[in-house]
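Take a look at these structures.
Okay, so chain A shows up in both of these, paired with chain B first and chain C after.
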Partner chain A sequence: MTTTTAAAPARRGKAMDSLTQRYLVLIGLIVIASVGFGIANDNFYSLANIGILLRSIAVLFLVSMGMTFIMLTGGIDLSVGSNVAFAGGVGVIALTATDSALVGFAAAVLAGMAIGAINGVFIGRLRLSAFMVTLATFALARGLALVIYDADSINVFNGAFLWLGGQSWGNMPVVIPFVALVFVALSVLLYRSPFGRDVYAAGSNFNTAFVLGRMPQRTLVWVYVLSGALAGLSAIITVGRVSSGQPWTGLYLEFDAITAVILGGTSLFGGRGRLLGTILGVLLYGIIINGLVLTGTNPYLQNLIKGLILLGVVLLDTLVQRRKAQ
Partner chain B sequence: MNFKTGLMSATALTLMGAPAVAQDDTLDIVFINDGHVAPYHVAWLKGFEDAIDAYDEAFPDTKITGRWLSAEGSLEKMIQQTEVTINEGPDVMFVNAINVDAFEPLVAKAQEAGITWIAVHSPMDSADYSFTLGDVVNGTNQGLAMCALSGGEPYKVAIMLGQAGNPSGEARREGILKGIGACDNIEVVAEQPADWDTVKAQSIAENWLTQFEDLDAISGVTDAYMYPSIAIATNSGKDLDFYGYDGDIPILQQMQNGTVKADILLSGTREGWNFVQMAYRIHEGETPDKVYDFFTPLVMTEENHKTALDNGFPEDVEVYYVDEALDVAAKGYLEFGPDSVK
Partner chain C sequence: MPDLSRLLREKNIIFVTLALCLVFYLISPRFLSLDNMSAISRQIVPIGLIALGQFFVVVSGNIDLSMGMGSVLFAIVLGVFFGMTGGVALGIVAVIACSLALGFFNGVLVTKLRLPAFIVTLSMLFCAQGLSGLIIPRGQQIFLMGDFFRFIGAEKFMGLYWSFLFLVALFVLAWVVYNHTRWGAAVIAVGNSEENARLAGVNVDRVKIGVFMFSALCSGFAGIMLSSRMGFVQPGLDGNGLLLDGIAAIIIGGTLILGGRGTIGGAFWGLLFIGVINNALNLLNVEDVWHQVFKGAVILAALGANWVLWQSRQVEAH
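== the complex of A and B ==
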């Protein structure tokens, strides 16, 4: 995953062009899907449905942004869904023990970061395969969640803890402005800070980044910790949404996040991609899921349609890349 | 209204006939399931869809529609599907929740929107109705059948469970252990969750057959586990007994050759038909029991039932013999079709 050379300015500009093309394709697909679903069901454009759509993808937004950082380094995080369940369990237990929402928030985020740190140390410092390490923590975090919860749910009644995930202003879920704030903060971190440049450098060529003194091994540790922190935030939102801690939450979330990030144009090999693409990827994904439910599409066909869209976008991306290379 | 428009209206009404007026009454039913991973679910949906068509045809005064959704085991997906469905405003929602606590806020939303919420399998106090299976009693009957058919000799059984924490699976386990507890010759050598997953059940059965060479029986909380377990035992030449739960037709058929000793007759087809019957009854103003128990008899061969009775099996446990069970399992309309509410 480190075979490409570091992105020179001229090449970076070229890569940006292909990303812009990708974004246009995504925007086009979003428009087509929205118009199509709007024609098929008037309810699609209702404010209530838009609120439902946005709330349903809030967690995917957060997790996918963390996944974007990781995939920009050429890595992958299969543990993120299990981490949401684990972090939620720790947060709810801490909340129950102290009756303090603040302690619950901190515990959830720290628990998520702890799993992220394990991933980061094994992948960044010990240079083990990201796939293998996060596959292990995928099982480990889910197992810990089941142990913490004793496989049963825990009801939460603390209004402050539930506020972020459960509250709405009219049809606008509170969580949406929060996700937007996180997006802005992460954009600043990625595009306006030395850490962001280190992320791109680690993904473009790990060895070169090392020789240049960018300490990519440390960068890898921190991107996994960041992903863990976002999993902790997602856990808080999830608990708020269902008014309870759930040991089976976050199931298959990693696959949805990876799908959204790839849809958004981030390279599986690292060094190329932007958060905006991920946002568009998540939005398209959410619209498709929402629209397919609204139109009463056979659930067996839903996975088929999602798979075909992903395959189509990846195919289109490959063709564009090859044409540019020629 | 002048004469001309009055005449046109009268003509239009005559041409359209009575159904145009009758179709003003509608009944829209949505069934949201936690996941479709087993043959039971296929039969369930088939029964549900067939019943929708049959009721719609049998009661022309009411336009009856229905659709189903599957969350494929994902809590987030199920919540989203439920929120979208509530916003669509159907009349009745059957929800087989992954975890009932997670759906409490949505029950309130649905009720505010005038939707009747029917909690499936795991009861909810807040729901308008709960459609339950009597899992503890059914499990107990399975365990009692095992006791009676094991003949008092030392008997080793391994039990395949549902997903950890799933109330229905836990209740079935509780019942099976309670039934087995009625005799002292049965030893439970292993218990393991297979998450309602046929593929996981396959690996577990393989491991058990290797680990416990003198295993006498496999008991499961769903017939989905019986398919791979029976195949693996047959392929490895082991003569095991199987105790199932669900009333899947292919498993009931294997009772006739003696492999499967007892099963619980849920039958997905029957259950799907019963959903539509229940929704129609509510629509017509009836009020079923708040916790409605689906009728689920035990199934055995006549020969095994006689043996079991001789060995102390309770006479008051309702038992269907295989032919009768196969008949009602395949034809949900026999018990729950439009004729049952006319």
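== the complex of A and C ==
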């Protein structure tokens, strides 16, 4: 136990070095991808398209930041995509019932947190495997969304509710500064609060964290609740973007988030990674996906490419790390 | 009271399933009719194949998320070969070859490169889905007609569907392999502790690769069964629903999701439970939108119940 305190700063420093390297590589790739798609598509560089791009990946930013917290603890959340649909449904229903945007916001975020709390209790308290529990809530939340919407979309006309996801200042969607704000807030939480240190501790070594009295069980619960809350915010943005709530929204969003987070250098095994990496990962991944959509790629080919990207990144990471270890 | 908890753990699902049957019968007498029973027996075949393959994967301490979409892909492979040659022999050989190859690939990535199984198979899920849609364009389908598909999909032997008999035979075979062979013991050992299994002389990597090849083969069979019953293949088939049903069946059957524990009999009863629920939801005209809610809730409840039962067992052991 005594070595943890002494060795931690040194190891952290080394990890940051390799992460910094990775961020530089990511920035390079982002530039290359932008240039590539810019050549392939004349509209890519227009300010309007950049606004559309950022708006379309705003939800991915939020969800991926939640996923980063979870993956730092060594977990996974397969339910976020379904949760976005469910939370959106609850929010829209609450909104139409009361005609108060504030109630709608609160309902959406609370609904997201509720699914997150189920995940958290099963994973943190009962210590069941994260992918199994979240696979169950993946079905549950999607099912509840379908029930709420009765498998049909609901149009939303409340301007205040749509503001966050739909409004733009010129070519700048309102949601971009909002995402930046969330990023800052979550960074403070992760790097400047005891909770953030608990997150790293739970992911680095659950048993050690437990012995040291850092209550990793409780940390896990809150991490999933946080992810749920971000899914709720994402739901509000999604509804705002298309002015309607839809039961099939966010399908496979969790997959995109996992890929983006891994792309950003967060370890699958917990304890290693930073929010900045996730931001870069989402940007790169978002540019690729957006480019595929703009160039009219077959959606099934897109899925194949997505699957290969995830596999490729995980493979590359593992091989590089193994080589370093030798 | 080891006997009571043992009875509860291993046999509770039997009582629950039978009680459910009774309730559904009281609501709708048609539920227990011979026609409906045989309909259930046919509906559960693809789910049962997924459950059986997944059972070995989960007991070995892994997960195979690619099984559902894999089935869809393999069904499409079968359809394409059928469309080209008009026969099924080549198609079935192709399905078996492709599924074993996919399983081998999954297994090698998980063992040799030590990647987490859920990430490998999650990306395979996407690759399989993408490939399905590339082989047959969206909105199109290939119709499967002929003696073979009628035989698999609709022919009966002494009142039972051939496909159901095939499933039962496979379960019996799996039971023998799981309980009475070195390989079965090795799978359990690997699921309990890879390190101990290795020290005991088990070739852990080979066991795990074998498990993934078996699960992929099962999804290949599931694809054949599914497409024969439906009479057509298309990329939009609900592979994830199949995967969820299969996983639900084995969790309900008491398989420990951390690996190392589980019984084939339990998995079979879990499968019947899922079959009964699915059938009853349709028969009682429960709206489609509720089906997924039930599935998610049932898996969660089963996870919780398993946890309670294993917890009480651990207390006893101390």
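In this section, the second predicted complex is superposed on the first by the 292 of 326 C-alpha atoms of A that agree within 3 Å, B and C clash if a C-alpha of one lies under 4 Å from a C-alpha of the other, contacts with A are read in each partner's own complex, and residues count from 1 in each chain.
The rule is simple: a contact is a pair of C-beta atoms (placed from the backbone, for glycine too) under 8 Å apart; a residue touches a chain by one contact, two chains touch by 3 or more.
All values reported here derive from a predicted model rather than from experimental measurement.
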Q. In the superposed model, does chain B or chain C contact more residues of chain A?
A. C
Q) First (chain B), second (chain C), both or neither: which does A:Thr238 touch? A) first
Q.
Quick one: is A:Pro299 in contact with chain B, with chain C, with both, or with neither? Answer first, second, both or neither.
A. both
Q. Which of the two partners, first being chain B and second being chain C, lies in contact with A:Ala151: first, second, both, or neither?
A. both
(Q) Give me the intersection of chain A's contacts with chain B and its contacts with chain C, in residue numbers. (A) 146, 150-151, 252, 299, 303
Q. So in the complex, which bits of chain A are touching chain C?
A. 76, 118, 122, 126, 128-129, 131-133, 135-144, 146-147, 150-151, 252, 255, 258, 262, 268-269, 298-308, 310-311, 314-315, 318-319
Q) How about chain B: which of its residues touch chain A in the complex? A) 36, 67-70, 72-77, 79-81, 83-85, 87-88, 98-99, 101-105, 163-165
**Q.** Residues of chain A defined as touching chain B within the complex
**A.** 43, 46, 48-49, 52, 55-56, 59, 146, 149-153, 155, 166, 238, 241-244, 246-253, 289-290, 293-294, 296, 299, 303
Q: State the interface residues of chain C toward chain A in the complex, per the touch definition above.
A: 63, 65, 109, 113-116, 118-120, 122-127, 129-134, 138, 235, 244, 247, 251, 257-258, 288-297, 299-300, 303-304, 307
